[in-house]
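First subunit A sits with subunit B, and in the next complex the same chain sits with subunit C.
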Partner chain A sequence: MKDEPIGKGVKKFTSVDGETFDAGEPLVLEQSTLLGDVVRRYSHNRAAMAALFILLFMIIYSTVGPWLRPWSFDEGLYSNPSLIPYQLPNLAHWFGTDQNGRDLFVRLAMGGRVSLLIAFAATGIVLVIGVLYGSLAGFIGGKTDEVMMRFVDVLYGLPYLPFAIILLVILGAGIVPMLLALAVVSWLTPSRLVRGQMLTLKQNEYVEAARALGATRGRIIFRHLLPNTLGIIVVAMFLEVPGMILGEATLSFLGLGISSPDASWGTLASEGWKALRSHPWMIILPGIFIAVTVLCFNFVGDGFRDAIDPRTKETK
Partner chain B sequence: MTKLIVRRVLWTIPVVIVVIFLTFLLMKAIPGGPFTSERGVPEEILRNMNAKYGLDRPWYEQFFRYIWHAAQGDLGVSMTQKSRTVVDVIGDAFPVSIHLGVLAFGLAMLIGIPAGVVAALKHNTFWDYGAMFYSTVGWALPHFIVGPVLMYVFALKLGWLPTSRWTGPQSWILPTITLGTALSAYFARLTRGSMLETLQQDYVRTAMAKGLPFRTVVLKHVLRNSLIPVVTQAGPLLGFVITGSFITEYVFAIPGLGKYFVSSVGNRDYSVVMGLAVLLSSIIIFANLVVDILYGVLDPRIRYE
Partner chain C sequence: MSATLVEELSVPVATDYSGPLLQVRDLVKRFPITSGTIIQRTIGTVHAVEGVTFSISEGETLGLVGESGCGKTTLGRCILQLHKPTSGSVVFEGTELTKLDRDSMQRIRRDMQIVFQDPYASLNPRMTVGTIVGEALTIHRVGSKAERKERVRELLDLVGLNPSFTNRYPHQFSGGQRQRIGLARALALSPKLIIADEPVSALDVSIQAQILNLFDKLQQDLGLTYLFIAHNLSVVKHISDRVAVMYLGKIMEIAPSRELYASPVHPYTYGLLSAIPIPDPSVQKRREHVVLEGDVPSPVDPPSGCVFHPRCFRAKEICTQQVPQMEDHGTGHEAACFFPLDRSE
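Here is the complex of A and B:
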């Protein structure tokens, strides 16, 4: 229906005077879709586009990086005596080698895999918890909402790092414990966000209409309300990821979480820190990777927010 | 207003108890006890040790005992450094952390707020872009990169400043910058956004139209009102500062709360970890309380809600 030309099929029409006119070319109204608008507005934002490309580059580097060089990420001088520790970047080892002679180009790519994977997965978990919790609280409202949100308020005040550290000690080192530790301490913001949205959205007439037609709560939440919060959830996701990258890196830097020979950017920074006195470039590389990735995610998140809701840009 | 404050103050009590409870449960879940060692401890000694620290009682009794003692200012005895109480440990470490935090906050405000003001007044000029570039990059730089880089350049290469410890003004400089950079970036962004909004207000236009000097308008009308959001963000920011100070203290070997916390977790010194976690949480809860009350004082509109 939407692309149907107005007055289709009418070739000629008659004016009040009895004169006949040629109807001319039919007028096609192009309806812009939400997605189309978002993409168009986003692509006009140069900083956000640049950030998106850098991020894509990071993801590609992390994915294919380990296959570009002949060494594996845990191949050090004990398994391959020809490797020399602490090499500066050179033709063979593009980013140099670490204290065990392991190739840093490969290790940084592997670290990227682990860091990005953890960040994405933790964000996913957090969003699922946040969306469920927030939409339940917001939709049911009343006493339930009050109790659920009070609980969030209580946890919100807590400093996340000490609790993440305790959690990691309980759960042990590795990727899954790290995911859980990050998720447990950061599902609060999305919950609040979604709940706030729910409270406003459920005032709409279409919710009442749906209820009058006998739709169940679940149907109203998942079919009518959540799709309308999608934009905000996407933005929240992009703004959550940098926090996760930093959280993982911070914990790994303290020696909790991912440990050698496995690598994350945080582990690599930690190894670089130990060699700071003599081999400072070892911390510079993961440092640049972390900072650039975090920066780009912030830009992409801001870009999406402005593209989805241009009003937010006014005060900028 | 008084009623509001009283209610808000009373509300912090159950919050602190819930926090202690959660921390307590977490501590119980840590595998291994404080007295397990590789060499193994004879059964009787282990039993006596557990009895001494009350670890043989049922968990709910331990919990209520802890609350009861904590209310009286007794957080127990360190389980690895037998001669010291948790309060002793806090007494040693807390002033250092506070000192670092205050210096960093001071530095951040000294740089961040003026940068934000200049950026807003010179909106969309070179100054604005410069300040925003600083704030964007400064916020993205993790503490564990800034610290080591500063240490390498100014302590190891140039030799101007000491690499670590907390011994005198010279040793304060690098940790303060490490902790303060991201914070100042945040202040700059917040001040700028809030200033831009306030500059649009009618009363600002009125003040300008009255012919008041630009300086007066900016300082008295705009800046004052713009700093309200900056104050309200102090609570959440404190959590960020605590996280940052953990790393800063770790990097520069500063004997503050963060360093003690990390080492106590490693030693499974339950009582110290619990004490520090409860202390840190209480600080944030208290800060949020102060912020809420300050908010009402600074912005009278809030009180009527």
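Here is the complex of A and C:
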């Protein structure tokens, strides 16, 4: 974009004393948009860029992976006797086969679909609940805030795993109960984050300015305050997803989540665990997928946090 | 700037009203200090504003000065009903504001606006200049989208900014330019009264002059009325028609600007004025100095009687026991003191 001095074209005006004043201090600034700034700053962060590409690769692999090979994810030696169990990775089966002769390349891709979908959906639910709850508590403040936050404290006190296990036992295994189990205990952290931000942000004079203009509470929350918590929400989102992936893996590993023949990375790890001594790649592969994805989400989250905050804007 | 659009934007008012634009009577604002979590107890009260009375006529500028924490900002917020006053009345163009419901207050908001002290905190960093300046128009549903855009450009031009800046963000501007944006936002609905809450105290001295001149120019062009808050007597000297001096939530002295600077009658005003350095060493050396000793007492526990007595060089027994009332000292000059400087001790 072309540089253009800010003071250009500004009229001079004369004060009561007859002095002439230049209307603005001339400054040369590059015109930049917020989104443009974020993208530019993010792209300068190599680790975050690499992590983003690996994540994209994971998503593409999970999406198209099952169509790349001739077998379906639940096709084992009982339905197709030509499949041999426990094969090492080879030209036909790129990631080998499991105890039933099912192709692991296809199963890992299917597992990725399930794991990532659950993680994204749970994160979405958690953020909506957490952000609304936190922003209401923070904005209203006072006694309402006290009561709402003590409720959060109580929920924090609940041990996550037993709570999720009980929930899954009552509701039965499946994707929806799994989402619920993950969401019920995970909205607490984002709600605390957003509430804390709200408490500081609402002190800003621009909130008072909006009130003086006659803005409603809803307008102040959604137009003035929430956009300013965007950075923290995006970071919370990217940091929440790995927790969800791990949570899903843990529950599935314990046999409470997705069960065979359906696959998730946790289920696959759980199956691999049983053959750990003789066929270690069966647990190593899903293990790597989980670890790499979680790591990449953390890197991307950090990258966005740094990129989204205009105060870190570099001076050239 | 087309006068017609401004006229279109302004709200029709009752033409038979002829009193002062703003009348504040016995305004009190106290903030409770609470402790405890869910069960809260009040453990104290901040006496931010304690019975303030004054009025401003249309087209006039009233300067309001006082040290930090004396309640001048709270007073400004109470007038705008951003804080609900504890008691007292605020009458704007004949309408009592303290008892208005939300909808009626909404209409009044078009006529009274505020400019803030901190040019950084007062502009939302996530909004473009166009959105910030045009927000009042959006909230009050004035004009079509294109008309609003045009009005925003007009406003930026009015405050001396390039009208093509609408798509930029506040962080791309300097402090002085940001203050102009804040002023443009306040002017969007063509208000009658602007409460300027220390609009220049966060700026460099050279920029202060520019902004003060801009306030002056806008007052002449648009016929604005100002309540100009500052903590510095020299800042309000040129811009104010009358000046009120505030101390611990109370007005100590109020007088026409020239009069107050030439012959202050309240010892506090005298102390403040003698603290202003005169840029002439010989005069500076010769003149009589009164140094205000000590700090401003806490507004949680204000002194008895005249709140200024612990720091006053003329204080007597009576000052610790009785509260002095506002007394006339001729031609609109009023002060609350038992031993004013125009009377011998």
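Note that in this section the second predicted complex is superposed on the first by the 279 of 316 C-alpha atoms of A that agree within 3 Å, B and C clash if a C-alpha of one lies under 4 Å from a C-alpha of the other, contacts with A are read in each partner's own complex, and residues count from 1 in each chain.
Just so it is clear, a contact is a pair of C-beta atoms (placed from the backbone, for glycine too) under 8 Å apart; a residue touches a chain by one contact, two chains touch by 3 or more.
No experiment lies behind these values; they were computed from the predicted model shown.
A.B. asks: Now for A:Leu230: first (subunit B), second (subunit C), both, or neither, which partner does it touch?
C.D. replies: second
A.B. asks: Figure out whether A:Val147 sits in contact with subunit B (first) or subunit C (second), or with both, or with neither.
C.D. replies: second
A.B. asks: Please indicate which partner A:Leu161 is in contact with in the superposed arrangement: first for subunit B, second for subunit C, both, or neither.
C.D. replies: After superposition on chain A, A:Leu161 lies in contact with subunit B alone.
A.B. asks: Is A:Val176 in contact with subunit B, with subunit C, with both, or with neither (first, second, both, neither)?
C.D. replies: In the superposed model, A:Val176 contacts neither subunit B nor subunit C.
A.B. asks: I'd like to know which partner A:Tyr206 touches here: subunit B for first, subunit C for second, both or neither.
C.D. replies: Touch partner of A:Tyr206: subunit C, not subunit B.
A.B. asks: Going by the contact rule set out at the top, does A:Ala215 touch subunit B (first), subunit C (second), both, or neither?
C.D. replies: Second partner only, subunit C.
A.B. asks: Determine where on subunit A the residues touched by subunit B overlap those touched by subunit C, and list them.
C.D. replies: none
A.B. asks: Under the touch definition given earlier, write down the residues of subunit B that touch subunit A in their complex.
C.D. replies: Within the complex, subunit B contacts subunit A at residues 15, 18-19, 23, 26-27, 29-31, 136-137, 139-145, 148-149, 151-152, 156, 193, 196-197, 235, 238-239, 242-243, 246-247, 250-251, 261-262, 265, 273, 276-277, 280-281, 284-285, 288.
A.B. asks: Please name which positions on subunit C make contact with subunit A in the complex.
C.D. replies: 37-38, 40, 77, 80, 82, 105-106, 109-110, 113-114, 116-118, 121-127, 135-136, 139-140, 157, 160-162, 164-165, 167-169, 171-174, 176-177, 180, 182, 185, 207, 209-210, 213-214, 216-217, 220
A.B. asks: Can you list the residues on subunit A that touch subunit B in the complex?
C.D. replies: 153-154, 157-163, 165-167, 169-170, 242, 246, 249-250, 253-254, 266, 269-270, 272-273, 276-277, 280, 283-284, 287, 290-291, 294-295, 298, 315-316
A.B. asks: Please give the residue numbers of subunit A that touch subunit C in the complex, ascending.
C.D. replies: 6-11, 13, 15-16, 19, 21, 23-25, 27, 29, 31-34, 143, 146-147, 150, 204-206, 208-215, 219, 223-224, 227-228, 230, 310, 313
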